[in-house]
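First chain A sits with chain B, and in the next complex the same chain sits with chain C.
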Partner chain A sequence: MNDYVASLIQTTCITMIGVISIFPLTGMTGLFSFGQAAYMAVGAYVSGIAAVKFGLPFWLCLVLGVCVSGVMAVIIGLPTLKLRKDYFALMSLCLGEAVTAVLNKFGAITGGAAGLSNIPKRATMLMIVLSTIAVIAMVGLFKSSRFGRMSLAIKTDELAAKSFGINVFAHKMKVYIFTSMIAGFAGVLYAFYLTYLDPNLFGWTRSSEWVIFLFFGGVNSLTGSVISTIFLTTLPEVLRFASSARIVMYTVMILLVINFMPSGLLGEKEFSIPKIIKFFKNHFHKKSRIGGEG
Partner chain B sequence: MLFFVQQFVNGLSRGAVYALIAVGFALIFSVLKFSNFAHGGLISVAAYAGYYFSSKFNFPPVLAVACTALVGGVMGVVLDLIAFRNLRKRNSSNIYYFVSSITCGILFMNILTLMFGTTFYTIKPFFKSPIIHIGDLIMLKMDVAILLISVGLLAALMLLINKTKMGLALRIVSIDRDTAALMGINSNVIITVTFMIAGGLAGISGILLGSNFTIDPFLGNMVVKGFIASVIGGLGSLPGAIMGALLLGVMEVVFTVLVGDILSPAIIFVITLLFLLLRPQGISGQFIAEKA
Partner chain C sequence: MALLKVENIAKTFGGVCAVNGFSMEIDRGEVVGIIGPNGAGKTTIFNLISKVYKTDCGKLWLDGTDISAYSQEQAARSGIGRTFQNIRLFTGLSVLDNVKVSCDYKPRYTLLEAILSLPRTIKGKKKTECEAVECLKAVGLERFADERPGNLPYGMQRRLEIARALALKPKVLMLDEPAAGLNPEECVELVSFLKEVIKRFDLALIIIEHRMDVVMNLCDRIYVQDFGKNIGVGTPLEIQNNPKVLAAYLGEGDD
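After this line comes the complex of A and B, so read on.
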């Protein structure tokens, strides 16, 4: 495996963690977050600064990055999650802008627009791939848990969910903290993989890219997000020959999916091993029966 | 003292630019109840069209603005066709409109990048001497023109919406599309006309922004300011959008003077947050409830 393929796999994995970090929020709770990359920035910068300026060991940087993202989610969530859903979307958008502004401003600590460099390279291929699988598994479990079903109830009908005794605000808050910590984790991996950070890596284009990936695969399907991330991040690489036109093709494709397959590529379908076994069993069973009769 | 008055005036002129964007944005929101981020794409397209009309073909300013508005209107209809018509047919939820509009905005800007590259273009100035003096205050003629044009357009729009039969139909469609159809209103035509008007507004903002700043494909990202302004003003309310835009412009200029260019987005974020906490219905007090 050459370096190019390796780097492609690693960036795809990190993007996938990011996309999956908004799945519980947008896909399941119905909150539209447009600034999730801000949490990635926080995770990346906190861990990066801890490593570069204070020389802390990697695991401590990781814990610190993830925890600070969580704390920030509490601070931002307290006022915004009580608002209407579109105001929440707006505030998350502004949050992204505000975080990049702050990172640019305090250049003495963050390196400003010139970026933060010399972060030790600690994230190995194995680690990134394994943690992606772990995150997917975690969110998958989240979806099938009671907690996840509560989220779905809030998404479908907030009033009805409330009348069934779900504390909507507290629940949204928990989901928001959970997803922000995942995004922060993606940020830590990104920092220790790239060894260089720059505020513009985390602008609103990245956040909106994640949302688009999510919708392309199907908002209600975790498998869909995984597949669409793999597809949409490798496609631009395959289309390198038409490099300048590739964003155009990519947006046209997304428009087609949204217009003609509104529930995304996979809709509600999920990948699960028992289902596949059942499918094959039924299939072969039928075949053998036909064979028997003949 | 004069310094602060001058800054206030500068803020108002910046707000006028935002107001133009915010009105087009609020118009679509008031009828279709979603935030149309593709408005930014239309503004970018219109800015390039404006460049061609005024600098390449040497049209006089008024004609150039009118032609650009026309181009914007046509583009608005095209946008409706490719991005929203199908969603309306399927009665998709709001979030799809939102994603579709963002994608469309990115699409327009990237087509422009393909056609023109990322080099900057400038529209030749509309006025020979760009500055007027009012007492000791200095104002750019362009800013005054933009302020006047946005107020004029708003007045025309309010007349259209509140006094004409067409406007009545538009208001009915904005309340309930299906019932409107039962009453014999062709809601698709009304929505197409709404997109045409919003596109025309985007066209005018595009050429005016283009002559105020330089043109690049991502000029339309200014739509975010229009969005913030219309939220401060109360989503979907046209006079609210203008007030919100002026307020935002003044705040931006004041904070740029006080804390510098880089940190002011962060301060604006905090203030918008506090504002929404205290008065979630916006300045105008119109509150469109989310469907339960």
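After this line comes the complex of A and C, so read on.
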């Protein structure tokens, strides 16, 4: 495998963790987050600084990065998750901008616009791929648990959800912390893969890219998020021959899907082995029945 | 003391007095009906008891505990189950999952246990599944477990709402116009179904209903509301012969 393909796989995996980090929040609970990359930035910078300035071992940096992201989610979530959904979306956009501004201003610690370099390269290909699979599995289990169900209930009808004993605020808080920690984890991997950080890597373009990927694949489909991330990150590479026209082709592609398939490529469908077996069984059943009658 | 005791609750919206001092008592196994013309404040009473709205004054007692200051989810957890006048099912969930939602507030497993699928999660999921299937069977919808609620006919959606409320294991079940949109035969069916539910789940039932055949056949006691005020309480027979009620409500309607 050459370096180009390897780097493509690794960046795709990290982006995928990012997209999956907003899936429980935006896709399932219906809270739009246009600033989720802020948590990626926090995870990346906290772990990066811990490694560069304090020389801490990788595993400790990882724990620190993920935990600080979680703590920040608590601080941000407490006042904002009681707001209506649209105000929360606005707040998340501001959060993303605020974090990049802070990273730019406090150059003494973060390296400012010049960036933070010399982070040791610790994230290997195997580690990144395995963590992506682990994150997908965890979010998949989240979806099939009572927490996933409560999220979907809150998304459809908050008042009805409350009438069935669900503490909406507490639930939103849990989901927000959970998703922010995943984004923080993506940030840690990113820092130790890239070995160099720069505030502009975590601007709103990245956050909105994640939302686009999520909606392209299907709002309520984890499988959709995975497929759309693979497809949309490799598409610009495949279209490289078309030079600047590739951006147009890429955009048209997304617009077509969002316009003609408003619920995304897969909608609510999920990949599951029992369902596939059932589908084939029914299929053969029908065929044999038709054959019998004929 | 009665299972649910409502003491002089009131609610105003701006200058409109939606409920003006409503009192009620109900015991296990009893059925109470609330009737009255449109805009009489019947649904507001439900919303006050289930704590969707905060009461301006008055007290609520459930099984001896004061629930006046409870939040909506606390009221639900303490045993007040309800349905809505305009059906509010979770359209994004399957029929079975709609019922399961009622069991989901119970901390059978934590988020950490869920994402790692630890033993308590697997056990908890099984328990929830059992309870939900049982409630679906009680209303006869187990065949449609994997269907989306939007695909069910109207009457079945109403039944699903009842199943979802039953899964909360309520002490008091409140149904807001359960017979709306049903034909006469379905109404007869509904009455016998509800009688069975009361026996089987050992609960108190409060219904709001416009269909007099349902109310008169089902209720032990009827409260008549008009413009936020109570204008009569009594057995179906007493209500039918109450001149005040006849003047305000039954006498005026064309149906």
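The definition used in the following text is that the second predicted complex is superposed on the first by the 279 of 294 C-alpha atoms of A that agree within 3 Å, B and C clash if a C-alpha of one lies under 4 Å from a C-alpha of the other, contacts with A are read in each partner's own complex, and residues count from 1 in each chain.
Rule of thumb we're sticking to: a contact is a pair of C-beta atoms (placed from the backbone, for glycine too) under 8 Å apart; a residue touches a chain by one contact, two chains touch by 3 or more.
Predicted model, so just to flag it, every value in this text is computed and none were measured.
Applying the stated clash criterion after superposition on chain A shows that chain B and chain C can sit side by side. Of the two partner chains placed around the shared chain by superposition, neither chain B nor chain C is touched by A:L64. By the touch criterion defined above, A:I166 reaches chain C but does not reach chain B.
The wider contact with chain A, measured as residues touched, comes from B rather than the other of chain B and chain C. In the superposition on chain A, A:M138 makes contact with chain C only, while chain B stays out of contact range. In the superposed model, A:D157 lies in contact with both chain B and chain C. Of the two partner chains placed around the shared chain by superposition, chain C is the only one that A:N220 touches, whereas chain B remains out of contact. When the two complexes are overlaid on their common chain A, residue A:R84 makes contact with chain B while staying clear of chain C.
Of the two partner chains placed by the overlay, only chain C lies in contact with A:R146; chain B stays clear of it. In the superposition on chain A, contact of A:F178 is made with chain C only, not with chain B. Using the contact criterion defined above for the overlaid structures, shared-chain residue A:I22 touches neither chain B nor chain C, since it reaches no partner. Of all C-alpha pairs linking chain B and chain C after the chain A fit, the shortest spans 10 Å. Overlap of the chain B and chain C interfaces on chain A comprises residues 157, 159. Taken together, the chain A residues at the contact with chain C in this complex read 138-139, 141-142, 145-147, 149-150, 152-153, 155-157, 159-168, 174, 178, 220, 268.
Remark: chain A residues 26, 30, 32, 79-80, 82-87, 89-91, 93-95, 97-98, 100-102, 104-105, 157-159, 204, 208, 211-212, 215, 219, 244-245, 247-248, 251-252, 254-255, 258-260, 262 touch chain B in the complex. By the touch criterion stated above, chain C contacts chain A in their complex at residues 50, 52, 71-73, 76-77, 82, 84, 88-93, 97, 100-105, 108-109, 111, 114-117, 121, 124-125, 128, 164, 168. Contact residues of chain B toward chain A in the complex are 35, 82-83, 86-87, 90, 92, 95-96, 98-100, 102-104, 106-107, 110-111, 113-114, 224, 227-228, 231, 235, 260, 262-266, 268-270, 272-273, 276-277, 280, 290, 292.
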